[in-house]
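Think of it as A, B, C, D, E and F in the order they're written, each chain with its own count starting at 1.
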Amino acid sequence: MKQINQLAPQDEFIGFFLLRELTVKQTNGNPPKDYFDIVLCDSTGQLSAKYWDVSPSDKETFFPMGLVKVQGMAHLYREKLQIKITKMRLAADSDGVSLTDFIRSAPIRPVDLVFAIKQAMNAIQDGEIRKVVAYCVQKVEEKLMHYPAAKTHHHAYFAGLAYHMTRMLEIGDFLCKQRPFLNPDLIRAGIILHDIAKPEEMTAELGIVSDYSLKGKLLGHIAMAANWITEAAIMENIDLDSPKIIALQHLVLSHHNLGEWGSPVQPQTAEAVALHQIDTLDAKLQMVEDALDTTPESEEWTPFIRGLENKPIYRMKLEP
Amino acid sequence: MKQINQLAPQDEFIGFFLLRELTVKQTNGNPPKDYFDIVLCDSTGQLSAKYWDVSPSDKETFFPMGLVKVQGMAHLYREKLQIKITKMRLAADSDGVSLTDFIRSAPIRPVDLVFAIKQAMNAIQDGEIRKVVAYCVQKVEEKLMHYPAAKTHHHAYFAGLAYHMTRMLEIGDFLCKQRPFLNPDLIRAGIILHDIAKPEEMTAELGIVSDYSLKGKLLGHIAMAANWITEAAIMENIDLDSPKIIALQHLVLSHHNLGEWGSPVQPQTAEAVALHQIDTLDAKLQMVEDALDTTPESEEWTPFIRGLENKPIYRMKLEP
Amino acid sequence: MKQINQLAPQDEFIGFFLLRELTVKQTNGNPPKDYFDIVLCDSTGQLSAKYWDVSPSDKETFFPMGLVKVQGMAHLYREKLQIKITKMRLAADSDGVSLTDFIRSAPIRPVDLVFAIKQAMNAIQDGEIRKVVAYCVQKVEEKLMHYPAAKTHHHAYFAGLAYHMTRMLEIGDFLCKQRPFLNPDLIRAGIILHDIAKPEEMTAELGIVSDYSLKGKLLGHIAMAANWITEAAIMENIDLDSPKIIALQHLVLSHHNLGEWGSPVQPQTAEAVALHQIDTLDAKLQMVEDALDTTPESEEWTPFIRGLENKPIYRMKLEP
Amino acid sequence: MKQINQLAPQDEFIGFFLLRELTVKQTNGNPPKDYFDIVLCDSTGQLSAKYWDVSPSDKETFFPMGLVKVQGMAHLYREKLQIKITKMRLAADSDGVSLTDFIRSAPIRPVDLVFAIKQAMNAIQDGEIRKVVAYCVQKVEEKLMHYPAAKTHHHAYFAGLAYHMTRMLEIGDFLCKQRPFLNPDLIRAGIILHDIAKPEEMTAELGIVSDYSLKGKLLGHIAMAANWITEAAIMENIDLDSPKIIALQHLVLSHHNLGEWGSPVQPQTAEAVALHQIDTLDAKLQMVEDALDTTPESEEWTPFIRGLENKPIYRMKLEP
Amino acid sequence: MKQINQLAPQDEFIGFFLLRELTVKQTNGNPPKDYFDIVLCDSTGQLSAKYWDVSPSDKETFFPMGLVKVQGMAHLYREKLQIKITKMRLAADSDGVSLTDFIRSAPIRPVDLVFAIKQAMNAIQDGEIRKVVAYCVQKVEEKLMHYPAAKTHHHAYFAGLAYHMTRMLEIGDFLCKQRPFLNPDLIRAGIILHDIAKPEEMTAELGIVSDYSLKGKLLGHIAMAANWITEAAIMENIDLDSPKIIALQHLVLSHHNLGEWGSPVQPQTAEAVALHQIDTLDAKLQMVEDALDTTPESEEWTPFIRGLENKPIYRMKLEP
Amino acid sequence: MKQINQLAPQDEFIGFFLLRELTVKQTNGNPPKDYFDIVLCDSTGQLSAKYWDVSPSDKETFFPMGLVKVQGMAHLYREKLQIKITKMRLAADSDGVSLTDFIRSAPIRPVDLVFAIKQAMNAIQDGEIRKVVAYCVQKVEEKLMHYPAAKTHHHAYFAGLAYHMTRMLEIGDFLCKQRPFLNPDLIRAGIILHDIAKPEEMTAELGIVSDYSLKGKLLGHIAMAANWITEAAIMENIDLDSPKIIALQHLVLSHHNLGEWGSPVQPQTAEAVALHQIDTLDAKLQMVEDALDTTPESEEWTPFIRGLENKPIYRMKLEP
């Protein structure tokens, strides 16, 4: 069974896919007829597809985010590969396929990512800081197993948020060794807390963000996380005016660096400067890696990437 | 006894003043001698002054924010009026003068301002919103009696913050009548809460801000007030996810309108848009009024005002 | 007869509407056939519509801004309500319907708005200022009865400009009472004059702007109004260098506040600062109110609004 | 008699100079003594000077913009040449010196510049355009003989404005020949009118701007010139709505190109685009030429020049 | 045989055209049918065209940039002229038509443009500067005969780059005469070198840029030209540290004036300031001229022009 | 012998220092007397000092960057520690002190830094890339032993440039291990080459930049390094159009990321994105570390740091 990134023009195929998007459209004929404009995906990529001659019952059967068995043919349309679906049915339990096999996902198992995050949390020496981190992590622990880090910006896939945290923790550990003036407790806490409210800011399923929550829109994940730290301190009986609580709030509030990027204050502690830099470094390099991974090997240039000054990346290959 | 805005060149005078600033400087002679570079003020304005031939005991006696009796002479120095102090002593209890007589102050008594604010607070219909507002007001109630609204930007004088709130409440009431789609509870609560954390963000005495607090610098008054609302909700047993709490947090977080002005989110409710506009309107008009008031009647132009596109204001006078 | 904001999917209906937009399109069949892509509106909103099988005579009959009687059916198309027109004819005199019943309009009668504006004009104490205002008002008096304040930005409907002025005059009166240092003559004159050249800057019918005039494009309404004041002063024998004329010109020239918003000078009188603030306050709150009004009650969020930092507004509803 | 740009350290000299600036300062001794901090200039440049031991009658005698005979010595002070004045008296009629010999001036006689401008004006074919230009020129004709084009930005010297116009007219003629699609009447009129209100915007004497006028500050020279065109059209009985008047107003209003540079509209005719480019070209190249001229030959770099991206200019010399 | 800018609705015609763009599209019928969406051009302009009922062999025959003989009819489609092609075949040698007759081109013959450029090059007095210029010109000499100056920004047609250089050389000569402080050798060299690497930055055929080269994207034409000067100096044995080489590199590197426009350094020599101004002047005026030329005479306004503050140009016509 | 960061008010001391800055000033007495305004430094910091009663021979003896033996007293002046010098003489050879003992320096010996850089250079697998790097390194090898990385921005001390490279190489190694899609050869080459021309861009002695070179000002270190790569390729017979050379030039040209920060192109390869991030991360964290190191332990806040959004850094200390 071929995967999406292996299909070539004129290939006829049968296989299972995730119906990532489905729109009912109408031909311009008179009377117009319904057809489905579809995006199919599996873990290797996604393709546009058309399903002509839609029946009324089809419109009751197929919806976005459903798993389907498809018979179809690949062909070039305006220089891009597209699929014409000839037959389609919903996947049944007996097919033995699972949604999570068909989505893009972090390259490490969620359970291992969350384990690594908790290990870092438990490595925090200061008991109060550790308690605040634990309080916030427990709020979203289940969602950490699958939430992406953003809608499209970076790490926009299954468990992308936990993957982002894990990689940042690795960089943080390296930098704390290279520069002993940094406080490892604050670096670890800052990394774990900086995006901790994202799962409450967005609504996501299978690593795909469909919308922002009301709190996400009206407060934003930065203010939400600051509020959680307040809540944690009250619940754990930690002085709200203690330097530790101020330091943690400052890390979260300043991690976007500039007001126009959403931070009401700018980094003013060593760890806050480091946190912003680690966050940016990991996000930008992951954008590059993901763009190269999801661009067919045969293409030299990725699409334009908004987070990289809206430039595409060239797949530089040097001969030995 | 002449006041500062009545002094003219060559006037000799005796009077009481507040020593608003005092710096020990040295003449360039050899050996250099100490002298005081001083700013004297009363409620009508302030002037530079020099006190030559400072004795060692003078340096132990005079400090900023002290009340002094001064004998001196006014003269022009580089086109500006300046005072040469010939005699100076600390004011004594028996002099019967009080610090608050010598500072710039809101034109309405603090007790009346705080009364008006509390009246507006009690006019809030919704019990939960009223409780949150009351919780936050009680945190700074004493300071509301004298804190300025800012270091220099606007309402930078004794009880300036309460005066700013009171005037905004008047405008808010007018607009709620003119436009019934606005929720008066949210308008009142937003006006009272928007700058409520300023007294904890800054250190001020007699309406003069000397510094920002650590929380002020690392969190800022906007995030601090958002945290207070969280705290109030927990203490008053109000659901942290209720629309009321979200609406109040949103009002506070968005009231600076833009990220570069310190707001992590932009106004997205009718009342949040109104709050930002009322805040701006009151602040800008007060800047104008204060600049005209503190510029001698004889001058047509005020100094440049940073908050007004760095332009001066012309004292336009039309003949009837 | 149902109005547009009451139609639901599958409703069949007959009614009168304004043909706000009409484009002839072609199906992709071979040979392609003509159809009409239409926007129908009444005073409660607007909807897309299709009219298939257009005859040659239809193309001679139907044009934008015509009043039509329509038989059709509402249905959902890509999640939005759309109308399929089955029959359509031009409204006849005998139908007893009038264009102005089918457009969005200020909530107060134009005649009352213009009366209020003239009343404010006549309340101006200074004879020369009143003459200049009267001269300019008389230039556009007829258009004041129906012109919108802008193409789409704010108050973009029948008599929107006069409504904007009237509301601003109310706010201006309130502020002059609250802050006696403001000159009520200049506030009133500034409010009436600031957008007075808009009817010559734009071409509008029924409150809908179709284009800008040549002068509108090459000079802009701000410079046009400044020129009118010059003209008025010459015609009324008022000294062009008098403070009154300078004050009025300054109010008009500076009311957009910043160069990048079209003002060649920044506000430098108390009244000019106030005028800009009153203008902004009224425009922004009206954007909010209009967006909430024209968004179906069932939707929580309005569309994105360019003048409000490109944010949508949330219809916040608090339970009692 | 040495000129300023020829003085070297330790030179003793006697000569006439213009007292461009004079400030009374005081030594830090006790009692402090008065001295004069002075800027002397002649047509080749300017230097700082000190005049110690000022007598009371000196303070009644010497004022800025007076012509003086000075005996003094040049010396280096903090790496810069400075003058110590040993004797000074006011120039007398019998000295046979004239103020205009001591100021920086355009390299062409004012009378020739104004003649060239009038010649260009008379070369305008269109009678109505010519009348409008003539009306505006006559308003400032006397001032054209000596006004600078700006306070410091460019052409900031005696007759600088007329020199700027003259050079622009030369470039305009060249471009109209190179590109026949440009209308020479509009190019000439635009060049003469674009800064025509500057003499009323600023107060200047001997090519040195001391201040801006009230109209200059509240209206700006761009709106003032637009008003003059309105006035001219009324006085000369030209239709205010004619394309000619609109074209002339547009040239003036748009010549700063961007709103943030003071133009309420952007260039939208061929001649308006050309006018902005010619203005910029002449201004920038003159800034370079003037900076190189007034920087001593021995220095490779001019000071930083605000209008040239705040960069200094290097005196590039290539060997043959 | 009518040309494109002469066609009117309902005209039937036969003629030769360049197939500038060709896309295979499909009707929405079931089964969908292929058709060609085409852009036809000749030297007077371009028009959209449809070719229905495409046969499989058609898809093997017709490609962009081919010359075709077309029989068709012009008609209005959504207010714009469009062509319906009824017959089409490839042009044959025997038709005696040539590609270059069908494209937009500089108004002067390429051979004359290149001759003028070489003449200017040979007029450079300094032997070393001349050698560097000659080295760089020889790298692209053939391409200078036909390359445009840009993809769309300005001079985007056959030999547009050489035309841009030639016009700039004329302006440069004028300015060197008007302002003798400019070094004519550097002005000439700067003009010839400033865009000299553009033919290697872009891929163009017949004056139409299809793409940027890898070096164009990763280095940009400014850094490429700087590298060529280094290369030329090494090859011609000129000291890399000599003022001449530095001056030439500086001209090239700074000619876009600002960092955000691609220049890593800002102009800091008289000639570099002049070069930027000449470049801008010629580019902007050419944008205006080209926009007016390619807009039908019947239209008053050109389309919006990105390089002119995104404004359209009005075809101002004054009656005599 | 006390070091500068150990001095307290009223300390009398004798010691050796570097005369980092020396200005001759004059008292305001009549006649004025010369005195020296001095900055003394050792490796722990710097302080202002005054030396009164300067003799003519003193002015011939003492110059900036000289080593002196000083007898003096520390005292507070305007809240800052200052030194009054009572005796001063030049250090003699017999004093056995060395300039390099008195300057701020990287914490690792220059010889070790250069060794580490060369080791990284030799670890480059690709022979051609290694040759280009070696060619460029050899141009500045001697200066690498002592040059700072910038005048004030970051790493502004002895061997600061080599220290910056070395730390970046450590981060680069870590990232290449964490993310195998990065090419270690390009990362190493990019790090070594990105600032390689800085020693030719600036004039520095003892880690202190006194000025920029002509090439530094007119070309900038980015274009200079790109030129060196061209030169290296020609000298080492490597194809100028090979992907390797393009990749290296791109790394250098794009490493400032944005045009306004000096990069004519933006990063478009994975390694170019990584290089910019590594550079920023190291520079920002070093700014923090250096600011904390050079701020007295007793102060909680460092001065404002331009490269960190012009914010100061708080010395956050958490109790265990």
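Assume a contact is a pair of C-beta atoms (placed from the backbone, for glycine too) under 8 Å apart; a residue touches a chain by one contact, two chains touch by 3 or more.
Just so we're on the same page, UniProt names per chain: A, B, C, D, E, F = Phosphohydrolase.
Keep in mind that this is a model prediction, so the values were computed, not measured.
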item	value
For chain A and chain B, chains touching each	C, F
Chain pair, E-F or B-C, that carries the greater number of C-beta contacts	B-C
Interface residue identity across copies chain A, chain C - same or different by half	different
Whole-Å gap separating chain B and chain D, where each centre is the average of the chain's CA atoms	43
Distance between the centres, which are taken as Cα means, of chain D and chain A, whole angstrom	61
Multi-partner residues of chain D (at least 2 other chains)	27-29, 214, 217-218, 243, 247, 258, 268-269, 314
Listing of all chain pairs that touch each other, if any do	A-B, A-C, A-E, A-F, B-C, B-D, B-F, C-D, C-E, D-E, D-F, E-F
Contact set on chain B toward chain D in their complex	27-29, 33, 35, 52-53, 77-78, 314
Residue ranges of chain A in contact with chain B within the complex	214-215, 217-220, 222-223, 226-227, 230-231, 234, 240-241, 243, 246-247, 249-250, 253-254, 258-265, 268-269
Footprint of chain F on chain A - complex, ascending	125-126, 129, 167, 170-171, 174-175, 178-179, 181-183, 185-186, 243-244, 247, 257-258, 266-271, 273-274, 277-278, 280-281, 284-285, 288-289, 292, 308-309, 311-314, 316-320
Chain F-touching residues of chain B, taken from the complex the two chains share	23-31, 214, 217-218
